[in-house]
Amino acid sequence: MAGSSFGNIFRITTWGESHGKGIGVVVDGCPAGLSLSEEDIQSFLNRRKPGQSKFTTQRQEADSVEILSGIFEGKTTGTPISMVVWNTDQRSHDYSEIASYYRPGHADFCFDEKYGFRDYRGGGRSSGRETIGRAAGGAIAAKLLEQMGITFLTYSRSIGPVTIDNSRFDPDEINNNKLYMPDAAAAEQASAYLEECMKNRNSCGGVIECVVKGLPVGLGDPVFEKLDANLAKAILSIGAVKGFEIGDGFAAAASTGLNNNDAFYMKDGKVEKKTNHSGGTLGGMSDGAPLVFRAAVKPTPSIASTQETVNQSGEEIEVNIKGRHDPIIVPRAVVVVESMAAITIVNALLSNMTAKLDRIIDFYR
Amino acid sequence: MAGSSFGNIFRITTWGESHGKGIGVVVDGCPAGLSLSEEDIQSFLNRRKPGQSKFTTQRQEADSVEILSGIFEGKTTGTPISMVVWNTDQRSHDYSEIASYYRPGHADFCFDEKYGFRDYRGGGRSSGRETIGRAAGGAIAAKLLEQMGITFLTYSRSIGPVTIDNSRFDPDEINNNKLYMPDAAAAEQASAYLEECMKNRNSCGGVIECVVKGLPVGLGDPVFEKLDANLAKAILSIGAVKGFEIGDGFAAAASTGLNNNDAFYMKDGKVEKKTNHSGGTLGGMSDGAPLVFRAAVKPTPSIASTQETVNQSGEEIEVNIKGRHDPIIVPRAVVVVESMAAITIVNALLSNMTAKLDRIIDFYR
Amino acid sequence: MAGSSFGNIFRITTWGESHGKGIGVVVDGCPAGLSLSEEDIQSFLNRRKPGQSKFTTQRQEADSVEILSGIFEGKTTGTPISMVVWNTDQRSHDYSEIASYYRPGHADFCFDEKYGFRDYRGGGRSSGRETIGRAAGGAIAAKLLEQMGITFLTYSRSIGPVTIDNSRFDPDEINNNKLYMPDAAAAEQASAYLEECMKNRNSCGGVIECVVKGLPVGLGDPVFEKLDANLAKAILSIGAVKGFEIGDGFAAAASTGLNNNDAFYMKDGKVEKKTNHSGGTLGGMSDGAPLVFRAAVKPTPSIASTQETVNQSGEEIEVNIKGRHDPIIVPRAVVVVESMAAITIVNALLSNMTAKLDRIIDFYR
Amino acid sequence: MAGSSFGNIFRITTWGESHGKGIGVVVDGCPAGLSLSEEDIQSFLNRRKPGQSKFTTQRQEADSVEILSGIFEGKTTGTPISMVVWNTDQRSHDYSEIASYYRPGHADFCFDEKYGFRDYRGGGRSSGRETIGRAAGGAIAAKLLEQMGITFLTYSRSIGPVTIDNSRFDPDEINNNKLYMPDAAAAEQASAYLEECMKNRNSCGGVIECVVKGLPVGLGDPVFEKLDANLAKAILSIGAVKGFEIGDGFAAAASTGLNNNDAFYMKDGKVEKKTNHSGGTLGGMSDGAPLVFRAAVKPTPSIASTQETVNQSGEEIEVNIKGRHDPIIVPRAVVVVESMAAITIVNALLSNMTAKLDRIIDFYR
């Protein structure tokens, strides 16, 4: 099944494996006339590239993007934008051993069952490197949304047991620490915790939060194409994500109607909400308040500790996974979450243009 | 945008409003040869129909389904199965007042902004009655999966502050109490809590859990069409759902690799997992363990207490929402969650048939 | 596979069989705010309903449409519009014999091979009655396009050996004769030819032509979603259509560049074309000239003459197909061709709104 | 709109412009386990590459394909296969003049209206070079179909006024002449005609025919996803194609039921048809006979003769189009027609696997 595309109007199609020639993406359906350069893309890729800190894999990759099509005289033409990042540090010898067994917490076993065999080098298609294509596509989506005043704030909300303190929330701090936390003190605690994890040949998970401001009211459709439903798919499609919640999310399940309902009121002649328990959607459509959602990310499954598993011959064995693995996925996944959200929102924004007949008639007048 | 369809191979398309002539669904892509009767559908609809207990709306609806096409001599023909439930108790006078203002926690405001106006009777298209179509489609999907040994256990895991105790888990109890809880004691506590809510003109939320057994390994695709991603969309597309998690979900975010990884071992000559923190998927594909996921459902937004809001003239007003509303959405949504999961899984199952060339060649030999 | 839907933004999903309870369609994605009544739909259905002349089946069907959802206070709400035509004259005894054998020129054999069995009553899902749903959806699409000044002229261009004479072309004549020909003399000749066919227990084919005026330039996309490509699919999806051509079509294949190219010139300050060999598209996009295309329709396969075939037991037999069949499909298919074209064009029109960034920014300003 | 993808299960997504860095395609949804090499792809690309004869552009391009992903140890893995042909001979100075005016018969005008500007170098995205991606994808589809005994014969049926003589039909001759005609004498006449065209600074059109053998019965779906409907879209999506017909096509429109119906009979215990007027489909499904369809291709619009047009300033001008253009599109489009047909058929073949419940149960047993 063709499962490597996301989005219907603005669509990304990703390709490539961890240890193949490169990782790429085709962005199709981008409106014509957007100024776009490789620098725009690179700024997103740099947020997820390896080697940013001691907590990220030491694989040496510049992750330099090359645009192959779709841009003419500095602008998007409306035709597909093909982009590639060539793999340069493909030490596949690191991975040859894992060809024979199934790493716990990884998809190896499922690949063999589903397809009969697998590209075992570095996880192949299930490698985190697959998200390069998402971030490249997300950079375009985010730049497009920026033109309409829609902005993103995405960050690590918790790492292992360390959660940010909202009273210390500082958006400027996000890019100031290697963990993309908006709270310097929490980032420091989290760093200490991560060093402990590494010492113990262990890894940990965390939560990413994304806040989107400036959305017009009415994005998303009332039934299956709810904005939150598409966001949920977008976020759960990222490897290692195990949960999604919008607004109060699981806490809303323990709340009451009186507490959870957001009262409407008038502000500067506009309808607004006094609170935002809903996280910016009502009935699947954006309600004018900031969109707020969270993604739960599991611990990195590749750990150096001894683990039990089986090999392809059906023997039970013990393994120690070698390689250059991050003790935590969260910080590098922050930009991927933002990218998938941006792509989802661009689609909702473009789709929404056909909702009302009078607006359509105006458009073509 | 055409947003009332779900699924690509096995697809449901729902239609109808709370106070229109009826609620319907077209199920397209159902394989030929499945024995199917109106009773099969009705058994699902009965699990969500009103009037089951004091905790559900007193609207009088039999919710009797009529099959209009797609069945010949008791079997599906491979052509679209059209089904309808005629609305019989449409007291729209109950709702005429809400035409003029925006109910907190409802989509009224978003509808007006997006479409210019709305069918305000009983929430129109955003009514919970829209899920009748989903349950009717889900009944077919579930019956189809049953033929392949795939079974569902779906229930209320928590209602307000009351959560089931796993040590008392009894699957037979689920259909034994009006709250669809697998724990009689918890159901009793929850009932008491709900009566308190109703006395206070308040409502509450809860969590639905779904366990699917018997899935073959490899359903779902590695990138955007992950089984969990499609489940997340399916579940978040249900009104009032604010969160989704699979396996340990948000708890995995606070765990470590050593704790969260599921070790593989051999059981009766087959590869299995010792634990199931992953909830039955790895890399987006089913891993052979039971699929376990949860949905967070917000409190019913329609409450009889006084609430602040604004009307269409932009005046701030106080409202008391009349009508026949459930103090909790969870029990009646249990079958809707199961239905959306069944539809998602049928699609993954059918889609997976094209994964391997040798299986395809065998098929056509 | 879910194959009963057409269109991505404005989408129709049809259901129903010749001798089932009824024939229906769900129109999803129709913009909100279009005035719509059952009369609007009925006017299209009347153009294809049986019993209009001696050349159409004598099956007695009023084909009265009932709208079940999606309209509120006389206008579309943006939610799915469900419509049904109840079957009233289902003399299935007429058809019981054909259960056992494969009618030449029909899909009976293919149904049995593909699905294992079939609803043999009146062709089941492959009956011409399936097009009721298309015409109902087309009526809405055409009304929507009418608001933007886009109009259709669709007619029988040839019936058997009789082709209209362009020098006698009279649009007012189209609805004046039972054959929907824009040439009274040709209609008379064709009638005589059809009587001959009926006398010989034979049937004949013909060509339908459609001219669409008022299209803005740029509808359709340059590669796979060419306007002509989607039209071709739309038209070939109608049963009995065996060919499609746009502009000069097959004649262009015998022409030269000098003759076939349409020169651009200026008219009233606008770029226009001196000729229209292209039929209104260039590179898959509308070019501002009238869209002109043709559909080749095969002779009605159900004929009363003796024919050779085989039965389900694999015996070679001779059959005479009874029933109430039209000696020609063309006249009643005229409105179906127009409907499928209208649906295709609405989709192209809505899709085109996202082509240019500056228009999108304007839209949301 | 994302319009650069074709196919739903087996899907190609093409990118690239005539004078950009390269032309590429991502093939997604190819089943795992197909042996595939760059040679397999190259053999298809060689059939459309420039410089094969005096009748094709003298642009110097080796059109060497490079596979970037999706293959491991010589076999497809089930993940996206990314392929690229780097442009090497991009003399864009040849094209700079056409930036300012609208070439007759080309999409220049439509691009400017739709997108606001265009990549004018060599037609940009509307260049014939875009079909490289289709042929690369088609090579894979055709190889896959070959494994199941499905084979293609595609050739030039007519070039200008010269049509092949069926009595001289020789499949081995197709690759023996530069015009891909299965009739050596016709090829010679066509060559003479083409030389005349070139001398007159003119061009001509032609007809391509494709015959597919070995299809199982039942491919395609009865309503909108008819096999012929999808083929029609596939073929009309190729630039310069103006018509499509299957079986007797437009000739069927002038035939009668008695002549056009194909009688069924028994052959070696199997149901077959005595004739094949239908061209291998009935009711949109393959009927077991060879699939036979034709594409009408217009004359190359770029001709060296003086033509009238307008420029972007709205002035009427005369132009002589320079550049290296083929006097006929047909021969190089033969492999493109075959490719699009192969992709369409692979999709129908894979989709058909879910038609019958008992086959699905068997599959998963």
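Chains: A, B, C and D, in written order; residue numbering restarts at 1 for each.
By definition in this document, a residue touches a chain if its C-beta (ideal position, glycine included) is under 8 Å from a C-beta of that chain, and two chains touch if they have at least 3 such contacts.
Treat the numbers as computed from the prediction; the structure is a model and nothing was measured.
By number of C-beta pairs in contact, A-B leads when A-B and B-C are compared. For the pair chain B and chain C, the distance between mean C-alpha positions equals 38 Å. The distance from the centre of chain A to the centre of chain C, with each centre set as the mean of the Cα atoms, comes to 45 Å. Our note on geometry: chain A versus chain B, Cα centroid distance of 26 Å, whole angstroms. Across the assembly, chain A contributes residues 1, 3-5, 8-9, 14, 29, 32-33, 78-79, 114-116, 125, 222, 351, 354-356, 358 that each touch 2 or more other chains.
Taken chain by chain, the contacts link every pair, so each chain touches all the others. Residues of chain D that touch chain A in their complex: 1-5, 7-11, 13-17, 20-22, 24, 26, 28-29, 32-33, 68-70, 72-73, 75, 77-82, 84, 114-119, 124-125. On the chain D side of its complex with chain B, the touching residues are 8-9, 29, 31-34, 76, 78-79, 144, 147-148, 216, 222, 349-351, 353-361, 363-364. Chain D contributes residues 1, 3-6, 14, 102, 104-107, 109-111, 113-116, 125-126, 130, 158, 160-161, 197, 200, 202-207, 217-218, 221-226, 228-237, 239, 242-250, 252-266, 269, 271, 274, 278-279, 282-288, 296-303, 305, 307-310, 314-316, 351-352, 354-356, 358 to its touches with chain C in the complex.
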